[in-house]
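Below you'll find the structure, written out as C-alpha cells, and then a few comments.
Here the chain labels run A, B, C and D in written order, and each chain numbers its own residues starting at 1.
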Amino acid sequence: MSEITFLDAIRQAILDEMRADPTVYLIGEDIGTYGGAFRLTAGLLEEFGRDRVIDTPISEAGFVGAAIGSAMMGMRPVVEFQFIDFIANAFNMIVNFAGTNHYRWGQKVPIVMRGPSGGRVSGSAFHSLNPEAYFNRAPGLKIVYPGTVEDAYGLMRSAIRDENPVLFFEHKYLYRRIKGTISADAAPIPLGKARIARPGTQLSVITYAAMLHVALEAAEKLAEEGIEIEVLDLRTLKPLDEEAVLATARKTGRVIVLTEEPTTGSFAGEVAARIGEKAFWNLDAPVARVCCIDTPVPYSPPLEDFYLPNADKLIARIRELLEA
Amino acid sequence: MTNFGPLHPGAAAGEGKLARTSLSIAQQIEVYRLLKLNRLVEDRLTNLYRQGKVVGGLYGSRGQEGISIGTAFALGPDDVVAPLIRNLGAMLVRGVSPREVFTQYMARGGSPTGGKDCNLHFGDLARGLVSPISMLGALVPVMAGVALAAKLQKKSYVAMTYIGDGGTSTGEFHEGMNLAAVLEVPLIVIAEHNGYAYSTPTSRQMKIKDLAQRASAYGIPARIVDGNDVLAVYEATRAMIEAARAGGGPQMLEVKTFRMKGHAEHDDAGYVPKELFEQWKAKDPIDRFERHLLAGGLATREELDSITAKVQAELDIEVDNALASPMPPPERALEGVYFEGGDA
Amino acid sequence: MSEITFLDAIRQAILDEMRADPTVYLIGEDIGTYGGAFRLTAGLLEEFGRDRVIDTPISEAGFVGAAIGSAMMGMRPVVEFQFIDFIANAFNMIVNFAGTNHYRWGQKVPIVMRGPSGGRVSGSAFHSLNPEAYFNRAPGLKIVYPGTVEDAYGLMRSAIRDENPVLFFEHKYLYRRIKGTISADAAPIPLGKARIARPGTQLSVITYAAMLHVALEAAEKLAEEGIEIEVLDLRTLKPLDEEAVLATARKTGRVIVLTEEPTTGSFAGEVAARIGEKAFWNLDAPVARVCCIDTPVPYSPPLEDFYLPNADKLIARIRELLEA
Amino acid sequence: MTNFGPLHPGAAAGEGKLARTSLSIAQQIEVYRLLKLNRLVEDRLTNLYRQGKVVGGLYGSRGQEGISIGTAFALGPDDVVAPLIRNLGAMLVRGVSPREVFTQYMARGGSPTGGKDCNLHFGDLARGLVSPISMLGALVPVMAGVALAAKLQKKSYVAMTYIGDGGTSTGEFHEGMNLAAVLEVPLIVIAEHNGYAYSTPTSRQMKIKDLAQRASAYGIPARIVDGNDVLAVYEATRAMIEAARAGGGPQMLEVKTFRMKGHAEHDDAGYVPKELFEQWKAKDPIDRFERHLLAGGLATREELDSITAKVQAELDIEVDNALASPMPPPERALEGVYFEGGDA
C-alpha cells in the first residue's frame, strides 16, 4: 500500500462515504470546478457531478443553513469552509440552529463542517484560526481534530456517519507534511475516544492535531535522557474522553495540556479544569497549559514563532514540572 | 426578471371584493373555520396570559391570519413549511392541535417540546413543519436547504417559509435568498409587510416601498398581494408553489398587511398612530371573508355561527386539558442534547 | 438619595456619559422611539435626538460594523443587542474586526456592546444566553459583567470611556430585582478589578452577575453554622483580575467557581485552570465548578431550575469540599 | 429610485474611446504615473514571489488598475477609503509608498504593521486609509460607520470602499448597504464585477446580470461604467462622491472589468476560458489610457517612457531597501492587543 498524505486521507474518507451513501454531498466555495483552495476535493466533481459537489456563492451562513435544512430532510452534507476562519460568519447557524435543534424539538441534524485550520504557515490573524474554544461551549455540537493520517481518515468517516452536527478541523500544516497508509479495509474510528500516542510514566502531555507532533518530538528528545513522557492524543475534543484524560493524569500525576490557541479562554483550560477537579488527589504538580500568547495570530515568521508553542518551550515547562 | 405584478386590485387598498378563487365552497368553509380557529386560539391565549398562565411572552397575529391560512392552505401534503412566531395559522392548517399550542405556551410536560422550548418553537417533519430559532432570517437559508434536498432527492415537495419586513434586513435572509436563486431550488418565501418591526416602522428599516424590491437583487420572481384577502393570498401562493414545483426556482410573495396589536402582549403599541389601527380594522381579513361568504351565498349566518360555536366548544375543552396537564419532570432537562440512537 | 434599580443605574451611567461627552451615541433596535425592549434607554431619544439615539434595521452585524467604523473616526458608540443572544449574528464583526484591529494596525476601536443576558426568566435557548465563554478566547476584547447596582453604574461609565471594545453584559434577572443608591459624585469604577463581596476564611466562591447573589445567599446561610465563605465578585471577566483570584485561592485554599453557563467550555473553566496552575501548592481541595448542566437553556421552569445553579446546589458542593 | 444609467457607451464593450473628462492634462499624466506604478509594483511583487521573498500569498489587480486609481483619484483629502486586497492602486493614490507595500509582503519589521499583518492589510487614518479584514463584506458596514461619523460630526468627508462580485453575496454586505441607505450616510461602494470569485464565475454566484441590481434592494442609486476606462471610472466616482457629500446618501458604482490573472499568484486560472483573457487583453486599461494620451496629443511617447523609467528607478531602490530591511523582533508579538495609552 502506498503512502498518502493527511490531505489525501481526508479526501479518501469523503470519497469512500460518498460512494457508500448517496445522501452524502459536499457544499462550499470553489470545491467543485477548482477542487478546493487546497485541492482537497479535487476530482470529486468529476465523479459525482454538480448535485453532489456544490459550488456556492460567498455566504457561509447561507450554505451552512442550507446544509442544516437538507440534513433534516435526510441528506448528509459535508460543508467546507475555505479557511476555517470564515466559520465566524456562520456562528449563529452552527451554535444556535444546528447545536440546539435536536434538544429543542427532537430533529437530528447530521452535518459535517470541515476546513483547513491552524497556523505556522504565515497566514496571520484570518487564515490561522484554531476555533475549538469558540465552539466547545455550544451544547449539541461535536468537535473532531485529528493529528494523524489514520485518524484523519477513520474519524472523517465516522463524522459523516454521525447523526449530529460535527465540526471537523484539519490542521493545514499537516496537510502535506505527514504521511501514512490506509489499508483497503480500514474501518471508521469512533468519535469520542482519545488515543495514547506514546506511553510514558513521568508526565502526561494532553494534546491533538499539529501539537501532537510537537509533543512527540519533545517526548523523543527527553527519552534520550531517560525521561518518559506519555502523550495523549484527544482526537475528539467534544464530547471529551474524560476517562482517558483522567486516567493518564492519575497515572503520571503530572500533566501539561498543549494546544495551539491563546491561553486565555482556551480549550486547554477546559481540560485542565476537569483534571484539577476530578483527579486532584492524584496530582504531584500543577496542571500546566502550554498554549500560545494571548494575541491574534501574528504574520511575520519571527512573531508567529514567538506566538506558537514548540518542542523547546514544551520541554522547558516539562522540566519545571518534573522538578516540582 | 423580477415581476411585481399583476398587482391584485385590492393590494393597495386591502378592501373591497376578494380575489376570484379556485377553491370549492367546502374548501372555503374550511378556510373560514381555520381563520376563526386561528383568531380564537389567540384570544384564548390572551386570556391565559392575563391570568398569568402563559409562561414568557405571547405573540399574536391578529389581522394577519389570512396570510398564514391562505399560504399554508396552498401547500401539498409532502411540502415542508417553517412558520414564524406569527404564523400559528400555518401550523393549524398543517394539523397542529390547539392543545399542542396551549401546552407549549404554558410550558407543560405534555407539550410538543416537552417543555424544552417555548411558544410556537416546535416542529414535526411528519406534518412537514420545521421549527424556527429566534434569530430572524435564519429560516431562509435553512428552508433553502430543505428545498435543496427536494432537488437532490428528485422529489416534488417544495419548501415555504415566512419573513417579516424587519427580517428582510438580516444578512441570513440575503444569503439564503441568493443561494436559493443560484441553486434554483423550490423555495417560496412569504414576506409579511405589516408596517412594523417591533416599534420600528418600515420607513426606518429600509428605503424601499415594497419588500418585493428585495427580490430583484436575487433575480427571484416576486409578486405583491393584499395580505388581508385570504383568497388572493391563497391563489398567489398556489401559483408560486406550482411555479417552484415545476422547476421555476425560488419565488417571493409580498403580502401587504398590518399588525393589529403590539409586537407582543406586553406591548401596548403606543407608537402606532391610532388612525392606522382604525383604517386596517375595516380591512380585517376574517370579516372580509365572512362578508364574501355571505354575500356570495356560500354560507348562511347560522352555518358560520355554528362553525364558530364548534370551535369555541373545542377550545373550552383544550384549555382545560392544558391547564390540568402537569409540568415536565426536572430531569428531562438532561435529555436529548445529542441524537443518541443508531442510524435513523 | 432614593434607591434605584440595576436597570436605572445603567441608564444613569449612559446618560451621564452622554451629557459629558458629545461623541457618545447609542445604536440598536427599538432603543429610540420605544426606549428599548426593557425600556433601559427610555427618555434618551427625547433628550439627545435621533443623531445620538439611533434605531436600526434588524442587522446586528450591520450596526456593530457601523459602530466600529464610527469609533475609528472618534465617536464612542454604545451598541445595544435587544437580547444578548443576538450577538451571535455579529460574532465575526466583534471577534475578527473589533478584537484584532488595534493589534493589527494600531487603530483603536472604543465601542461598548451591551445587552440583557442570562436566564431564570423562562426565556429558553435564545433569550437566556450568558455569552462570556464565547468571547473570552478573543484577544483584544474586554468583558464586563456587573452584579450590583453600584458596579453597573461605575463600570458602565468606565466601559464607555475605555479605548477598547468592551462587551458589557447585563443580567436581566437583576434589572428590576436589585436596588441601590448612586451618590451624585459617584466615580467610574476601573475595569479589571475584582471585589471581595464578602470576606471569609474557609472557602472562596468566585463568581459574578446574578450568581453573585446566589453565592451571598449561600454564604449567609452557612454563616449561621459558623462556616465563613469568602465571595469574590470578578466584575470584569476579561482581562481577568488574576491577582485577586489567586489571592483568595491562596487565602482559603478551597475554591468553587460559580457561573451560569454550561460547565463544558465555560468561563469558569478558565478561572479554575489558572488557579490550578498558579496556586496549586496552596490548595487543600480540588477547584470545583458549580455551573449549569451541558444543555441549551430549557424553557419550562422545572427544567430551567434543574439547569441552573442555586444556593442549595452550591451549599452541597461547599460541604463536600470542606470535608475534603 | 435605482438608476442603472446612463450607461457609458463603453460599459459593455470596454473598448473604444474613453469618456470625456474634467481632469487637466497634468492630472491625467499623474493618473498615468499611478497606473504604471500600480502595475509595476505588482510586477515586482510577482518577481519577489517567484524568488520566494514574499511571505504568504500574493494577490494582484492586473487589468483592474483603472478602477483603484480612477476611484481613489476622485477622493478629497479628508475622505476615507477602505481598499480591498486588489486595490493597491487606491492606496498608492493615498500616498502609500512602494516600500510600505514591499515590506508588508515580505513581513519585515519596518512594514506598516511591523510584521503583525500581511499584504495590503494595513491602514492609516492620517491618510484616510482603513484596513480590511479577510472576511469579505465586513468593510461595508464598517465604512457605513465611517460615513455615519461624518454625518454625526457634521463634517463633509465621505467614506468609500470596494466589494467584489463575490462579496456582494455576503450577509454583511446586505446589512451594511441597507443600514447605510436607512441612515442616509455618505458612503460610496465600488462594486468590481470582474467575472470571478476565486474560481467561481459570476453566473454561479448570482442570478442577476448586473451587480447594480443589488442596489435596488436598498433604494441606493447605482450606475454602471466600463471599469477599464479610468476616465469613466473617475468621472462616475466623482459624481457619486459629490452626490454623497451633498447629502444624497449612499451610492453604488458597478465597474465592469476582468481579473487578468488567477485569484492569487499560486492560481493558474485554468478554469478561465483562454478567449476571455484575449478579449480583455485588448481592453487593458493602461494601454487604452496610453492610446488616449498619445492620440489626444496630451503626452509624447518620450514623456510617457520617462515616467515609466522614473518609476522603475524608484522601484529598483525600494525593492533593495525592502530586501535589506530586517525581520521584526520576536517579542513584538506581545505588543498592542489593547490600546494602553490614555485618552487619545
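As a convention for this text, contacts are C-beta pairs under 8 Å (C-beta built on N, C-alpha and C of every residue); 3 or more make two chains touch, one makes a residue touch a chain.
Computed from a prediction, not measured in an experiment: that's the story for all the values here.
*Asks:* If I rank B-C and A-B by number of C-beta contact pairs, which comes first?
*Replies:* A-B
*Asks:* Let me spell it out: compute each chain's centre from its C-alpha atoms, then which one is farthest from subunit C's centre?
*Replies:* So the chain farthest away from subunit C turns out to be D.
*Asks:* Whole-Å distance, subunit B centre to subunit C centre, using C-alpha means?
*Replies:* Roughly 37 Å separates the two chain centres.
*Asks:* From the mean C-alpha coordinate of subunit B to that of subunit D, what's the distance rounded to whole Å?
*Replies:* 45
*Asks:* Using the average of all C-alpha atoms in each chain as its centre, how far is it in Å between subunit A and subunit B?
*Replies:* About 41 Å, centre to centre.
*Asks:* Please report how many Å separate the Cα centroid of subunit A from that of subunit C, as a whole number.
*Replies:* That gives a centre separation of 31 Å.
*Asks:* Can you tell me which residues of subunit A touch two or more of the remaining chains?
*Replies:* In subunit A, the residues touching two or more other chains are 57, 59, 61-62, 85, 88-89, 92, 96, 100, 103-104, 125-126, 139-140, 294-296.
*Asks:* Residues of subunit B that touch two or more other chains: which are they?
*Replies:* 113, 116-117, 121, 133-135, 169-172, 174-175, 178-179, 182, 204-206, 337
*Asks:* Of all residues in subunit D, which touch subunit C in the complex?
*Replies:* 80, 112-113, 116-117, 121-125, 130-131, 133-135, 138, 140-153, 159, 171-172, 174-176, 178-179, 182-183, 336-339, 341, 343-344
*Asks:* Which residues of subunit A touch subunit C once you look at their complex with the stated criterion?
*Replies:* 85, 88-89, 91-92, 95-96, 99-100, 103-104, 125-126, 133-140, 238, 240, 261-262, 264-270, 272-278, 280-281, 283, 285-289, 294-296
*Asks:* Tell me, which parts of subunit D touch subunit A in their complex?
*Replies:* Residues in contact with subunit A: 55-56, 107-109, 113, 115-118, 121, 133-137, 166-167, 169-172, 197-200, 204-206, 271, 327-334, 337.
*Asks:* Touching residues of subunit A toward subunit D in the complex: what are they?
*Replies:* Checking each residue of subunit A against subunit D gives 29-30, 33-34, 37, 55, 57-59, 61-62, 82-83, 85-86, 88-89, 121-127, 293-296, 298-307.
*Asks:* Residues of subunit A touching subunit B in their complex?
*Replies:* Where subunit A meets subunit B, its residues are 25, 51-52, 54, 56-57, 59-75, 77, 92-93, 96-97, 100-108, 110, 139-140, 142, 161, 163-164.
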